[in-house]
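Shared between the two complexes below is subunit A, which pairs with subunit B and subunit C, respectively.
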Partner chain A sequence: MSITGSQIDGVAVATAPAARKRRLSKSLKKRLIPWLFISPFIILFLTFTLFPMLFSVYLSVHEWNPVAGLSSMEYVGLANYQLTLTDPWLWQSLYNTVWLAVVSGVPQHLLAIPVAYLLVTGLRGGLRHFYTAFMFIPYITSTVAVSLIFFSIYSANSGILNQMLLGLSDMPVFSWFFSWVPDVMPIRWLTSSDLLKPSIAMVVIWKYTGFNIVVYSAGFLTVSRDLYDAARVDGCNRWQQFWHVALPMIRPFVFFAVTLTIIGNLQLFEEPFVLTQAQSGGVAQAGLTASYYLYLVGWQWLEMGSAAAISWILFLFIAIATSVHFYFNGRKGLGEDR
Partner chain B sequence: MAGVELRNLRKSFGKVEVLKGLDLKVEDGEFVALVGPSGCGKSTLLRILAGLEEETAGDVLIGGEVVNDLSPRERNIAMVFQSYALYPHMTVAENMGFNLKISSKPKAEIKARVQETAEILDLVHLLDRKPSQLSGGQRQRVAMGRALVRNPDVFLFDEPLSNLDAKLRVQMREEIKRLHHKVRTTKIYVTHDQIEAMTLADRVVILDRGIIQQVGTPTELYRNPANAFVAGFIGSPAMNFLPGMLQSDSDTARIELEDGSVLTAPRKPNHPRDGKVLLGLRPEHIMLGEGTGTSNALTGRIDLIEPTGAQNHLRIKLGGQSTTVVDNNLTEVELGQNVAVHVDPDKIHIFEAGNTA
Partner chain C sequence: MKFQLMAGLASLVMLGASASADEIVFDGFPDFNSHLDILIPDYEETHPGVSISYRMNQHGDHHKKLTTNLATGSGAGDVVVVDVSFVGSFINAGGFENLSSPEYGADAMSEDFVGYAWSQGKGADGNQYAIPVDIGPGVMYYRRDLAESVGADMEKAITDWDSYIEYGRKLKEKNVYLIADAADVAQIIIYTTIKDGEGYYFDENGKPLVTSERFVKAFSVAKQIRDEGLDGQIQAWTNEWYEGFKNGTVATQLSGAWLLGHLQNWMAPDTAGLWGASNLPDGIYGSWGGSFLAIPKQAKNKKEAWEFIKYLTNTSEAQLAGMKNIGSFPALTGTYGDAAFEESIDFLDGQKARLLFAEVANKVPAVAPRKGDLIADDLVIRGALYEVLNDGKDVEAALRDAERLIKRRVK
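Presenting the complex of A and B:
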């Protein structure tokens, strides 16, 4: 066999150009095939990730009104960035974003962690799954629909929230706590600059707490029963078991969930957009978040160049916030201290 | 320090009754081993003692007081878990001092006591490590240290050595024994390994199917097993059981084996009634050779020879049964050879038929 093989090789080398070409195309094919297999990813990545990113960098140094067509693009250097950074609305929107991120972010976790702990340690499998699924519903419901419902709940004159407060102020025991209600009616949840942000934050908390409960339940389920037993033998009551054993054990889950909250909350858009009826961020721009501002600049004012610049500023902002979080909590959060 | 007592202790999980009425008294400072096959309820019993599980009926007494309604914290017991259950996020020192910290002891005292215990267990150089950075044996010692540092009334051990390799197991066994001589606290030690139980304990409790089968010193259990289960469980290699027919008069018991050979033994009060019985012969009590003047001579064919160095383990067909024989004299024998063996009449055990390990 091997003798015939080498003979054929010898012949092939002798009859040079055609065979060499064939061999070249063969090795080329061999090298191309792997690329062919990964090409779907590469094509999608180039089209939908790399190109838009580079295009937005390009855009951010041009002035462009998309309605006037591609030819209207005009190079302006860093003017978009300069202009944006001097716009008070940008700073207002960044302030609102951070405020909302903190006020709507922190309670999500402060609520979700104990609830998940109680669900996991206090309930049997079936009932726990039911409650967890129930609390997950807000997360999978359309944000726009949720915001619309809250819009009607918050309505100053006919909203159920104000009606409930009025009702409570009439009830025997509660009236003591709610006697102030009739004096301040109607409470303008969405049309006063003081109440708008808290009202938005409530919706965000309502929507995302369930998701965090699911994450933390998964976390608490990883803590073995032996550890709780050991803690009980060591003299821990239920609170101490939670504080000294369960909570440190789910640190990686807290880290993960907080990271998602930071990234998500700094991009808050739909809730404030719907609750302010798309009216330039609501009263005194109290509900104007960074993404909302980005939307206004791009699609209301049709300044695509500035919008691109803002998106890069927002990106930088989120990247810094996340890095700070990683820097301070990363080692313990990723469980590298174990 | 305190003794422990169980009074008609019962435990059911749903319809399944795991512990069926246990009575036991453990003296102050005693080392009691609880042995039984896997799943017989040893861990359950220990968890009830610790207060981690509630008994269905009966009483648990520690130091003479009924503690049924006390939490683990109030019982002042320490427990070493099979999985060690060390807190992964705490250092060795923090693991060991955790109980003291929860009991709000001053920092300086915690540090001193942890240090002292670490010295006893040779853990000083590991105090700053996390459990994940320790070997199995080291983790085991930390788990012991965590229990020791508290100075508890009672120590509970749940198969503490079962996750170690054979060599380390023997080493830790010795260490635990030495520790008990130093710290004479009441210890209840659960294991499924009868050798561990025999070597460590003052008294051994044999548990099977939720019932205490026998309580006694290792020697008592070995010499006078109460039933075939205990007899088969204690001793290694395990006792041989041969079915036979018992015929006894006032001072001799005469057993006819399946192949017609006959053994005699002095009649003892704990022997069952005449009829079908199980004859128990320990492998180390079956001697090769004719013996002298004894009527308990048997012959059989050698089926297997297993040299272990100091002894040879032989499988010999005796009385119609394949029987293990330990030969300490390393006699030259061959596979398939017919050999004569003899048994001292005093070493013959007779049990009711039909219940072995």
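Presenting the complex of A and C:
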């Protein structure tokens, strides 16, 4: 746009002053109009992204009970950070967050990559689209609805999961593997501190694997048939084609998907919130993730300054995790070596 | 053109007029709307020029909205509902009108209300900031059929916690749980056996009390119930909880009187006649829940808001209508002599339970909420207590840890 503007200016030099003035205002208009068109985004960005972000920095060095109004803010320096960093519940919540990020993150990819490969190599167009769409459904379903359904599934006395396990322990062959089940019933998936995290992780895996399948399907589709043909000529079997040809070729996709998983999982909130019935992170705070904790501190305990400090600590944490990931995988991941 | 101008002017004038008319906005959560739908038309008729509208949000969202409104100083209604669990944090923060001041003169009505509820609406400075509109006298609901099946006398069973647990042991032989969640027992002991001058979690000087005898006792009784396998480990407000009421696998529930409305309307309507209500075990009197009305400082129409609050809280008509319309129990003691209290309740096998509720309401000790109560509640009830019950952590160690956390957070 600016190029067009300067061209017009160039022409304008040769004309009479009045016309020049008109052209100038015209060129000014031309320069402003693009801004007008992108102003909705800019206004929304400033109001709902940049301002809240700067405000939370400001907030994090103040003590503020929101109920007391804006005027009650009190400058406390770094006290919020100091309080937060020595807070046992914060460390507990960070530990939970990392635990959940790893345990619910890794299986998503270990499942999604082979499934996507089978879909792409084994199925033709229409059917593949159908299956991919089918497995994508959990991702577009409301997290709260999903979590509520899982809450019922996990229910100790009447939940379908425990009933299924009991059923299996009665069946001829399976009873070999499930004979221990009746002894430990009812299994309290959501109200014992050691089962709560795995139960949450299951929901996350179920919900996000489909998304990764779509990403990896797109990845495998970009791999040219010629490469497989060449590999076959060299005597590769199917497994070797997958391992030595397909997998290296989709590295950028793995990098992309893993990055999204890291960021998403470190911000986990809805699943643990619903599955613990908003009871402050569940038994022994085993389901208290960092975002859950900052919600609790800000909205339940009404300490906005402290909550803002937690959110910046969480931000720093995610930034470090992502940059470690970028450092080790970024170069190859972005495909610069190809 | 001229016509348009006139029309514009006219609408401006009308706008101005509607803004200056006495319009009250009421912010609350369901079921208040069902109640207001019935009361507002009458009120507007007897108060010409006043118009009332309401905005309802779910319980949690309502308090979040109110928090944001108070934070920014804008957007709150003229009358707002505050749940008892939030009232301590909200009224001590300075966002509400001081109703003890001469313009309002709320103190003159203090005698009309249930004592404990009135003092819950008092700020730490001794002024009244919120007026109780409904209360939740604590009672024990129990299944009559289950008590009969083990030949238990409920009056004896509630003598003290030992007899209550003994009743549970008999039930266990029949595979029936004494109570859904042992944590309820700890909670009610913590909330009720408070010494004079103490708060729920803090003493007069703001020192946490959580390692005191009251908490140790509360935790120990709950732990005993849990360890003997007498409770179902069932969380409240889940399908399993409702199932327990329907199927008769849970024999008692300690709760506010309001649970009756839920039981008979949707939780377990088919069990009508099988239930009874009694005092809480161990001769304690406590409360569960309750709501308050307050006027935010930012309200536009404070005078009329106050008149409406007085109508809702301090007239038998509105208070009894609340009991009839939405099953909320009156905070106004003058209503307890009303004929409605003599009605026998079919769901409770003809028991005149409202008399019991009123008796409990008058005996609940007054405890003023303190600033850190919300935090302490989370750290003690939802933190330490479940670590003791579900993870087998030592009672005293759990309470010591909770105290340390409270001291860090509450200054």
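Definition applied: the second predicted complex is superposed on the first by the 298 of 338 C-alpha atoms of A that agree within 3 Å, B and C clash if a C-alpha of one lies under 4 Å from a C-alpha of the other, contacts with A are read in each partner's own complex, and residues count from 1 in each chain.
In this section, contacts are C-beta pairs under 8 Å (C-beta built on N, C-alpha and C of every residue); 3 or more make two chains touch, one makes a residue touch a chain.
All of these numbers come straight from a predicted model, not from anything done at the bench.
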| item | value |
| --- | --- |
| Subunit A as common anchor, with subunit B and subunit C clashing or fitting | fit |
| Subunit B versus subunit C as contact partner of A:Ala156, first or second or both or neither | second |
| First, second, both or neither for A:Asn65, with subunit B first and subunit C second | second |
| Which of subunit B and subunit C A:Ala18 touches, first, second, both or neither | neither |
| Touching partner for A:Val173 - first (subunit B), second (subunit C), both, neither | neither |
| Partner chain in contact with A:Ser280 - subunit B first, subunit C second, else both or neither | second |
| Which superposed partner A:Asp226 touches (first subunit B, second subunit C, both, neither) | first |
| More subunit A residues in contact - subunit B or subunit C | C |
| Partner chain(s) touched by A:Asp234 [first = subunit B, second = subunit C, both, neither] | first |
| Nearest Cα pair across subunit B and subunit C, whole Å | 52 |
| Overlap of subunit C and subunit B interfaces on subunit A (superposed complexes) | none |
| Contact set on subunit A toward subunit B in their complex | 224, 226-227, 229-237, 240, 244-245, 248-249, 251, 337-338 |
| Residues of subunit C touching subunit A in the complex | 60, 64, 67-68, 70-73, 89-90, 93-95, 232-235, 237-240, 243, 374-375, 378, 382-383, 386-387, 390-391, 393, 405, 408-409 |
| Footprint of subunit A on subunit B - complex, ascending | 47, 50-52, 71-73, 77-79, 81, 83, 85-89, 98-99, 102-103, 130, 132, 146 |
| Contact set on subunit A toward subunit C in their complex | 65-70, 72, 83, 86-89, 151-152, 155-158, 188, 191-193, 277-285, 296, 299-304 |
